[in-house]
Amino acid sequence: MWSDAAPFPDLTPLWLTMRLAGISVVILLLVGTPLAWWLAQTRSRAKVAVEAITALPLVLPPTVLGFYLLVLLSPNSMLGGAWRDVTGTALTFSFTGLVVASVLYSLPFTVQPLQASFEAIGRHPMEAAASLGAGPMDRFFTVATPLALRGYLTAMVLSFAHTLGEFGVVLMVGGNIPGQTKVISIAIYEHVETLEYAQAHLLSAILLGISFVVLVAVYAANRRFPVHAG
Amino acid sequence: MWSDAAPFPDLTPLWLTMRLAGISVVILLLVGTPLAWWLAQTRSRAKVAVEAITALPLVLPPTVLGFYLLVLLSPNSMLGGAWRDVTGTALTFSFTGLVVASVLYSLPFTVQPLQASFEAIGRHPMEAAASLGAGPMDRFFTVATPLALRGYLTAMVLSFAHTLGEFGVVLMVGGNIPGQTKVISIAIYEHVETLEYAQAHLLSAILLGISFVVLVAVYAANRRFPVHAG
Amino acid sequence: MSGLELDIALDLPGFRLEVSQSFAPTGLTAVFGPSGSGKSSLLRVIAGLEARAQGRVGFDGQLWQEPGRFVAPHRRAIGYVFQDARLFAHLTVAGNLAYAERRARRAGRAPDRPGIVAALGLEGLLTRRPSGLSGGEAQRVAMARALMTAPRLLLMDEPLSALDDAAKGAILPYIEAIRDGMQVPVIYVSHSVSEVARLAHHIVMLEAGQVRRAGPAQDILSDPAAAPAFGIRAAGSVLRAKVLAHHDDGLSELTVAGGRLLVPGFAAAIGAEVRVRIAAQDVILSRSRPEGLSALNVLEGELTDLRQGQGPGVMVRLRMGADQDVLARITQRSARALSLAPGQRCFAVIKSLSIAPLDVGGSGAV
Amino acid sequence: MSGLELDIALDLPGFRLEVSQSFAPTGLTAVFGPSGSGKSSLLRVIAGLEARAQGRVGFDGQLWQEPGRFVAPHRRAIGYVFQDARLFAHLTVAGNLAYAERRARRAGRAPDRPGIVAALGLEGLLTRRPSGLSGGEAQRVAMARALMTAPRLLLMDEPLSALDDAAKGAILPYIEAIRDGMQVPVIYVSHSVSEVARLAHHIVMLEAGQVRRAGPAQDILSDPAAAPAFGIRAAGSVLRAKVLAHHDDGLSELTVAGGRLLVPGFAAAIGAEVRVRIAAQDVILSRSRPEGLSALNVLEGELTDLRQGQGPGVMVRLRMGADQDVLARITQRSARALSLAPGQRCFAVIKSLSIAPLDVGGSGAV
Amino acid sequence: ETATIAVATNFAEAAEDLITRFEAQADHRITLVTGSTGKLFAQIIEGAPFDAFLAADQARPARLEAEGRAVAGSRFTYGEGRLVLWSATPDAIGTDGAAVIRANDFEHLAIANPDLAPYGLAAKQALQGLGLWAMVKPKLVMGQNIGQAFSMVATGNADLGLVAKSYAISMRNRQPGRIWDVPEALYDPIRQDAVLLTPDNAAAREFLTYLKMPEARAVITGYGYHVE
């Protein structure tokens, strides 16, 4: 079962995955930040419902969520159809579709930690910033964001890692097309399913190794520029 | 594809899932709390590495992680063998094994938000508690825990939802035994794969509905007993 | 130029602030009142930080708040020293100051950075994080940060409470310079009578969310009826004086209605108008001009009224000239022994050195 | 019973605290010093909150810290009022108090809850959350919480800085009761001379992390050499006095070396020993016994020395009896005019009411 | 020309081999996409860009053809799967696998999910045919596809497995052990059908044609499939 000599696995899926995870994390932060900020600030009654809905994508098995996304994003559907009309390309079985699916699926991992750390800031530093002439956007970027750095770290680590490992959704929506939508998780999965254990181990080790290095770098950076609480 | 009349699906997997998620969340909190606390307090150089390792289970595709857990927990392995020697039962293909797998897989979702909110407390309230005669355990439970309530909420929501939807790991380690390890995510998946879409929709709707109610309840409770920051 | 106009109400659970008051367009207005009387809440309303506040706030001809209109706090060009320092934990001291300065400059105002840093003694602290500051250091940084906004209105909530007298002595002249030199109106919450007496042109006394008294500092500080609110020991009078000479032995000589005063030397041009505060309890009365005492200052006036307070004291008012009274607080026993009665000519003996350095200040715009 | 013994060093980036000092086992020791001199750091070391501190800390025969040994803060039975209030945000005011009380009772100590709540005026605040308290209210709750530990050693870091005089007047007697009645040693950081003068039996003066002076309050407050550190206006003397009578007109009569004093009435048994502080600047000197003045108190003594200070003042010491001096701060001009010289008999004129109520306190264990 | 061909996982190893051979003799490039038959089917319904589909059953290609998603008349059986009893422990299986099962001296028997995977259905039929279904049912563990069932046996967690012969004899299987061919009479033939999805892709069309050639049929047989 643990063979020693095996053809070196194709690394295209790895780069594809890193691209997907990178792009997804960026989009997640862009989408998750205003949502989390709104949730942290609002006194609306809708808040609780929105909070719950944000967490719901997690509840469905990834493959099933993938299936629903497949239906939703397909050019036969309203949404997917509209996308195709505008861009000329289909959302499903494309890298863009993968990004959309990843973002949807990992959204809770971004929104929840961000919201928690925005809430922890409280209104005092924001009031101080306002009294110093900083408008809402200004103080959001110069006060709330740096003070919520720990939340951003958590959000990024969780969504990055989750996007790397994510698999069911991506497989369904992306269609496992080499070089386009065949990410490393699918590749490893396939190696396991087709008994290419040695290659699976190797790819897993590479994935774990790179992830470890990335995570250590992120955490170490966080340690170097901490916000001294109290 | 959207059939209207379909036999009502078997709900055993639902209850099994709820049990699994409930037990897993409890264990996750028990395991994750000391780990998160240690990470939040330590100045050890190992911290960064441990932080990274904690996030690593996320990086592997669930099925693959399940495969490795199958190897790790197998009665032929040291760990699984020891477990069998002590308890007389195997870890794999059992509910206990599912719990172990779920806990491992969801650990980052518990540890990360808890750690972030422990760090946000800072040392001042803990110093105050110490000056009032509270020992380390005492002040942990009476000061750190309530002040980290928002972190606990995030941790619980993320790990609960993730355990509900988790599927790949559970499938491999659990062996899909009806009534024992066949959780709802597997059931829905099966319905989708066998083109029983109506039943898949129904089960998904039930799962989403229950999850929504649980989440709304949790968030509403959190709103009622907030810790006023600043 | 019109000053700050307030007509507001703020309901907090179990507390209501209701203030309808005009504030002078220049000079420093002290807001005085017991703990929990609503001083900080009042500043918050002025700054626009209390969304729950009802009513009108106007400043310098602009309406900052009225029903249907609300100018956001960051557009009000205020400087706010919060009661707690509220420094930005993620920035150094220099970063905190630069935060304010950058936005002030963007809005076309130019703070005097070196002057502020020097006045507050922050040179050695610039690279520190707020978590590494002592209580008093944090308070000084907070004050500097508010000054760095080069505000049009300065709100200060007990800015000197964590500081020792030496630090206060270094900072107060700077606040006076802002008050007078830059013509920035200051609203200053304090429970220190000596600070109020030195700095304030106007006083607003709050009690349980309501204005109890308001008016020129001189009137309120020398009004026996207001004394209990300040604590009886704070009662005193403020005399207008003119600098007559600065002597070699370190004393400055002033003319006031009723005579001359020798006070510890201070910097002011000959002929300048200054204010001198004389605490009522530092005054000794005599029916005849006393001789052979170390006290150098003796003023003569007419006893206009005696007012019996709670406790063993009597407040005696001597009229020195138009609008110029000296208050003396003496015991009933002494009043009886000296057979004091209105209409008598009396001498007030004032130890020169009991005129505190803090109590001699610029004349401002009362 | 032995008190607190310190021999510690603490290195912070850019600051070193180095204190080797014994503290009296009873009474109140004021820690005095400019902002940033290390007062709060010293309290933190005593409380066991500075893991970086080197050296020895002993209290009451127990070693709290020595190389290789460290008693955790929660085992030291201290009460600590932090410079910032540090209330628990998740508990109400009552919850904050109960937190302390429960642990004190568990350790066999019994705090006086109703007494503390009443002394600090917290009846109306018990159900509030800390976020809904004013600055002064929070400070009072923090003090109450520390008192609720019924500590064996009380550490207070500027506990009254956010409070007005009326509130201070209500709280100080309670601190005195703890200091004397409960025989709890108190270490009290303050930059208010009147608080220090009223409360302290001992004074430790810090400067740049080093002890500059330490000793009985009476010695330090009446030592002209120490005056500049307190600010010249704080210099004064403390006389031992005995209560002779309480009069109908609200005055109490005391005997001191050199004569009798009339002071505002206060509660103390006839014959009780008390301390009276007389600020040097409140004393007028006369070569002959003055007549016809409203001032009731005239003490006679021998002029022992004159000391020229910076500025226009001279500090004059009159000996009233063994160990009993009165300091007077007068101008050079007056000293010349009266031809003052050591060995003369002199009269000190003291306005009764300038003996502040705050400055009459229990005798403690000096 | 290039074509993307979706292949059921169990046939992946054989398909790779076939594609290599095909590309060597034709001027075409084939991209291989593998997955479970059910998933690939759902994706094709939703417009996946596949040119041909090699399923693990007959039902789904037939349905695609019926719904007009596949080229009519292009469907054919490219191989017939075989079911074997397999264990990772050498010598666990003697010459009579049925007796091994009947002895009931094992803890878990792994099969593919009968509702999802044709091999699972075949395993169920075989066990029923042996009259052992009720007995082993409590000991069954199920993978969603035959690969997962195989993993459960390969990792030693399940003592026995009824798996595809192609897996058991795969060059990639490092624990060959002993296998027992389940008698074909005990289960319905596992016919695996291929179907053309896009009519005008020459590469796909030619690849399907290639599968019917003797050379290809020999290769397929070599991977443990029966070819008619």
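In this document, chain identifiers A, B, C, D and E correspond to the written order of the chains, with residue numbering beginning at 1 in each.
The definition used in the following text is that a residue touches a chain if its C-beta (ideal position, glycine included) is under 8 Å from a C-beta of that chain, and two chains touch if they have at least 3 such contacts.
Remember, it's a predicted structure, so these values are computed and weren't measured experimentally.
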Original post:
Touching subunit A and subunit E alike: which chains?
Top reply: B
Original post:
Taking each chain's centre as the mean of its Cα atoms, which chain lies farthest from subunit A?
Top reply: D
Original post:
How many angstrom lie between the CA centroids of subunit C and subunit D, rounded to a whole number?
Top reply: 26
**OP:** Can you check how far apart subunit A and subunit B are, centre to centre, with Cα atoms defining each centre and the answer in Å?
**Re:** 19
Original post:
Taking each chain's centre as the mean of its CA atoms, how far is subunit B from subunit C in angstrom?
Top reply: 60
Original post:
What whole-number Å value describes the gap between the mean CA coordinates of subunit B and subunit D?
Top reply: 57
Original post:
Could you say which residues in subunit D touch two or more other chains, in rising order?
Top reply: 84, 132
Subject >> Shared-contact residues (touching 2 or more other chains) in subunit A >> reply: 63, 67, 124-125, 192, 228-230
Original post:
Of all residues in subunit E, which are in touch with two or more distinct other chains?
Top reply: 39, 42, 148, 151, 155
**OP:** Any two chains that touch count here, so list every such pair.
**Re:** A-B, A-C, A-E, B-D, B-E, C-D
Original post:
Okay, in this complex, where on subunit A does subunit C touch?
Top reply: 124-125, 127-136, 138-139, 142-143, 146-147, 149, 227-230
Subject >> subunit B partner contacts - residues on subunit D that touch it in the complex >> reply: 47-49, 72-75, 77-80, 82, 84, 86-90, 99-100, 103-104, 106-107, 129-132, 145-146, 149
Subject >> subunit A residues touching subunit B - in the complex, by the definition given at the top >> reply: 47-49, 51-53, 55-56, 58-65, 67-68, 108-109, 112-113, 115-117, 119-125, 150-151, 153-154, 157-158, 161-162, 164-168, 185-186, 188-189, 192, 200, 204, 207-208, 211-212, 215-216, 219-220, 223, 228-230
Original post:
What does subunit E use to touch subunit A in their complex?
Top reply: 4, 9, 12-13, 31-35, 39, 42-43, 46-50, 88, 145, 147-148, 150-151, 154-155, 167, 170, 172-175
Subject >> Residue numbers on subunit E that touch subunit B, as the complex places them >> reply: 36, 38-39, 41-42, 107-108, 110, 113, 115-116, 140-144, 148, 151-152, 155-158
